[in-house]
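The first chain written gets the first letter, and so on, giving A, B, C and D; residue counts start at 1 in each chain.
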Amino acid sequence: MNYQLVINEVYNTFRNSTNKGKIANYIPELKKVDANKFGIGLVTISGDSFGAGDYKDTFSIQSISKVFALTLALKIVGNKLWKRVGVEPSGDPFNSLVQLEFEKGIPRNPLINAGALVLCDILISKLKNPKDEFLAFVQKLGNNNNINYNLNVVASEKKYGFKNAAHVNLMKSFGNIKNNIDDVLDFYYHICSIEMSCEALSKAFLLYANRGVLPYTGEEIISLSITKRINATVQLCGLYDEAGTFSFKVGLPGKSGVGGGIVAIHPGKYCITVWSPRLNKKGNSYKGINALELFTTKTELSIF
Amino acid sequence: MNYQLVINEVYNTFRNSTNKGKIANYIPELKKVDANKFGIGLVTISGDSFGAGDYKDTFSIQSISKVFALTLALKIVGNKLWKRVGVEPSGDPFNSLVQLEFEKGIPRNPLINAGALVLCDILISKLKNPKDEFLAFVQKLGNNNNINYNLNVVASEKKYGFKNAAHVNLMKSFGNIKNNIDDVLDFYYHICSIEMSCEALSKAFLLYANRGVLPYTGEEIISLSITKRINATVQLCGLYDEAGTFSFKVGLPGKSGVGGGIVAIHPGKYCITVWSPRLNKKGNSYKGINALELFTTKTELSIF
Amino acid sequence: MNYQLVINEVYNTFRNSTNKGKIANYIPELKKVDANKFGIGLVTISGDSFGAGDYKDTFSIQSISKVFALTLALKIVGNKLWKRVGVEPSGDPFNSLVQLEFEKGIPRNPLINAGALVLCDILISKLKNPKDEFLAFVQKLGNNNNINYNLNVVASEKKYGFKNAAHVNLMKSFGNIKNNIDDVLDFYYHICSIEMSCEALSKAFLLYANRGVLPYTGEEIISLSITKRINATVQLCGLYDEAGTFSFKVGLPGKSGVGGGIVAIHPGKYCITVWSPRLNKKGNSYKGINALELFTTKTELSIF
Amino acid sequence: MNYQLVINEVYNTFRNSTNKGKIANYIPELKKVDANKFGIGLVTISGDSFGAGDYKDTFSIQSISKVFALTLALKIVGNKLWKRVGVEPSGDPFNSLVQLEFEKGIPRNPLINAGALVLCDILISKLKNPKDEFLAFVQKLGNNNNINYNLNVVASEKKYGFKNAAHVNLMKSFGNIKNNIDDVLDFYYHICSIEMSCEALSKAFLLYANRGVLPYTGEEIISLSITKRINATVQLCGLYDEAGTFSFKVGLPGKSGVGGGIVAIHPGKYCITVWSPRLNKKGNSYKGINALELFTTKTELSIF
């Protein structure tokens, strides 16, 4: 399979397409990004890297970071984690409080905001220096010491993050947040502010395609069993209430962020990231979904 | 891989296990089944068949039939189908009217009751003799002329099916049912009443593991692209609001029925059916989920 | 208080006002009405009658009939009734299934469609000839043998009443409907089809302003205690999810129907009906609410 | 009418009755109250005062204070208020976020927590010293300079008020809170911490029974029209999702607080307060509702 050829085709197909969708505007800092950026980056478990467009530019990975938080939390506390967060798709928009209230403060899954806030709460309880240790963990997964937080994004999120504050307060009222609310939000906004390129992000996701093992060092980060469970969770919950459509169109587990990135995992083969900041109504990258659909159609690769 | 060996292990592990769960009791006819029945049947795309326990006994496949209805409807009307039914997990119990009302009569996906009622409505509009033609289609998929409806189950369902009548009336009020309500319900209860054994059901599902092609005849029933989409839908929506847990534990697309059957698809390899009539609180076979989890753990086979 | 003078003022204020709102169009028979009809009719418990405009024309009282059904059911079964229907405002549109499902088939109150369907079910169980006896009861309350069903409206409702069929089937699935579904719907559509004029309707409601006693005969139909409870129920639930606004603006218990009628009760004094077929978005007569607001403002009469 | 005689009867009926219900335990400070306290206090608009039991002891009026906040806010901003808060019953428990999210940050009515938080936000925007001016206003209504905040209750509420923090953050995310969140919560907890006796509270509510005029000074605080609207709002929304039952049983506008107080208004006549700290499942005083029901039954007084 000549991945570079297919990537080029996909890139050229959408490069000049009318740019539907809108850049995330709920925080000022995210609005500063050039809406026309477009990159595709694929890295295989055998170490080959392919790309097109702005695939070496960094962007705010936002919610994609929740997968790293899930991984670190599972590594530390194991399956006890599932007492505090569910594994079912939410069937509702990503910031809905309805389900959270109805289900007494237990978020539907770890990849919606409420679920990730619980992950942050767990990590704060277990880590000495949560922000340093989390960043070091992501740098290790990506074999890349340049990965970092963007403190302007953190500050901007804090200033406008009233809905997240509503979530965390509601869960605290049900006893499912143990630490101080401001500490949980501060840590959450840090992990969401991480910046990476398409290439770096695909590389940092390779363990999920490689049975939990970092291909470049051979180190096992998580067991095969946990890896499969993370992939299943990503498949069912990774694109909020568009997870069904994404599975249907792309056929791979994938995770999106409001920065416009989407990363998809092909177990046993590769990871691929598309970045285009314009989002559809569900909050997922418009071009990102279309590019990944065309990519899996052209390569005939899908887990189904 | 020695499938028979693993099936025996799994069968023996659960054979005498305390039988938690309750047999479906909402219609009298289903209550007549022996609650202790337990069978596992696997058929590979190369034609090998393995099994243990009551895997040659027939049982009421119930909701599993929705996958056949989806296949036939997609074969006939293609992707126009998705205008009348969604592809997202429901995040709610399988018979909930809430979402249906909120979303103006468009069911979340084709594998919840409301969605399957829309499939039935479409098939009635397109087929001359819906009941005969549907049965012939399933017989062809299973290469098995013994497959048939159970008219006692049809009669029993009709007598107690007020919730389905509520669904279909609600959708009719939104204009998403075109035919007479009694005709739609009659056809729906027929397709749910089909009886098959574990072995026969696994065989009839092989096209989904084989790119849409019947392995025993080579006939392409549906395209590769439609096959993938059906598998993705089954993965995300096949176990009602336990789809996440099932993906998480089993890692394969699967569909359950209140008769106690669950069939799972391993693309490129095989289909496997477990039948045990006692259901958990979500309406899925208690032993069925556990047996499939153990099977994929022991074989280390999963799409993730 | 010179009621006629105030009625004239109110009538003249709204007579030529731009006619906002839309006539009910969910059944063809209701659409046939002249949308510009406008009448106001007031009858006091001492027997005086006042009116303006089309206050002697008959119209379809629709949901207003639910108050009569509630009265007859309470008269027959007493407070046992409240085991099968609640007394709280619905907080949701009048045809919502959400709450009904969440609360396991017990309608929030007797004045929403689902609640009235339960009333009909109770009356069918208790009366030999429900349709005849119900009509005779209303004729007696109104001291008027000309009150009758409109069978064209019944037929029209049946043809398009899928949402009511959804409600009754859902309640039957929870065991809160005892009789045959078609019989319940048939009786329900009959009681909603009753036709009366503003004057006749105000007169038939006088018992609620007169401690349960018919002022023209002195007969006690219901006790003072039951009368107060009906008035409280009408106050809180009579205008669907606009009950708060109506109480707020008009300050009297009132009941509306999609035929464009609204009747209000002033305990100890009078009943007043306004009829104007154009409805607001909540399904209540646009002019009706405004006319009653002006009437109570000008008379400074309100229960508050 | 010999009010004292009826009050004695009611008091003696419930004095030794088995004390069902539970004292509010969500904040430690409220738990310190003697659960067996029981007082009834009635004050007429002509200045007569009657009482029994602990009717001169002060208690935490909690949510009853929302009526004072509504009055002051309406006095200052008039009907513009209704752009930021609705007038419909909530149909849901008093702390539900569901409706608030669904209706985009506009609370259903001013007497649920979210609505009162909006009132506090308005008052903060309009008053120089909100806490001082609000207290002075309540002291004026009650003609009583001893009325005061309880700062221990304020501190206790703040420590456990995560659900209120969730509400106010959610409304801020929709733009319906203008001031700093901590300021709004601080003011809200102050107004809820006010302590009064049954007698003092009945007296402070007399303006609502007296067309907006303080009977002891003759000063008009609010217009007749606004008074009626407040009474209508209290009638429909004063007892959370038990408002229907209360109207049905008691037949007067009433407002409850989790401190165990309920005050009811009889327009043109009197106000009556019952205090008993044990609450039913809906969060309203168990004995309070029963005592008021018996009182209006025995006096045959009701607005209906």
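Just so we're on the same page, a contact is a pair of C-beta atoms (placed from the backbone, for glycine too) under 8 Å apart; a residue touches a chain by one contact, two chains touch by 3 or more.
Predicted, not measured: the structure shown is a model, and the values here were computed from it.
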With centres defined as the mean of Cα atoms, the chain at greatest distance from chain D is chain B
Distance in whole angstrom between the CA centres of chain C and chain D is 32
Here the gap between chain B and chain C, centre to centre from mean Cα coordinates and rounded to Å, is 47
Chain-centre distance (mean CA atoms) for chain B and chain D, in whole Å, is 55
Residues in chain A with touches to at least two other chains are numbered none
All chain pairs satisfying the touch rule are A-B, A-D, B-C, C-D
Interface with chain A, chain B side, in the complex: residues 86-92, 99, 108-109, 224-225, 227-229, 231-233, 235-237, 241-245, 247-248, 251, 253, 267, 297, 300, 302-304
Seen from chain D, its contact residues with chain A in the complex are 96-98, 101-102, 162-163, 165-167, 169-170, 172-173, 181
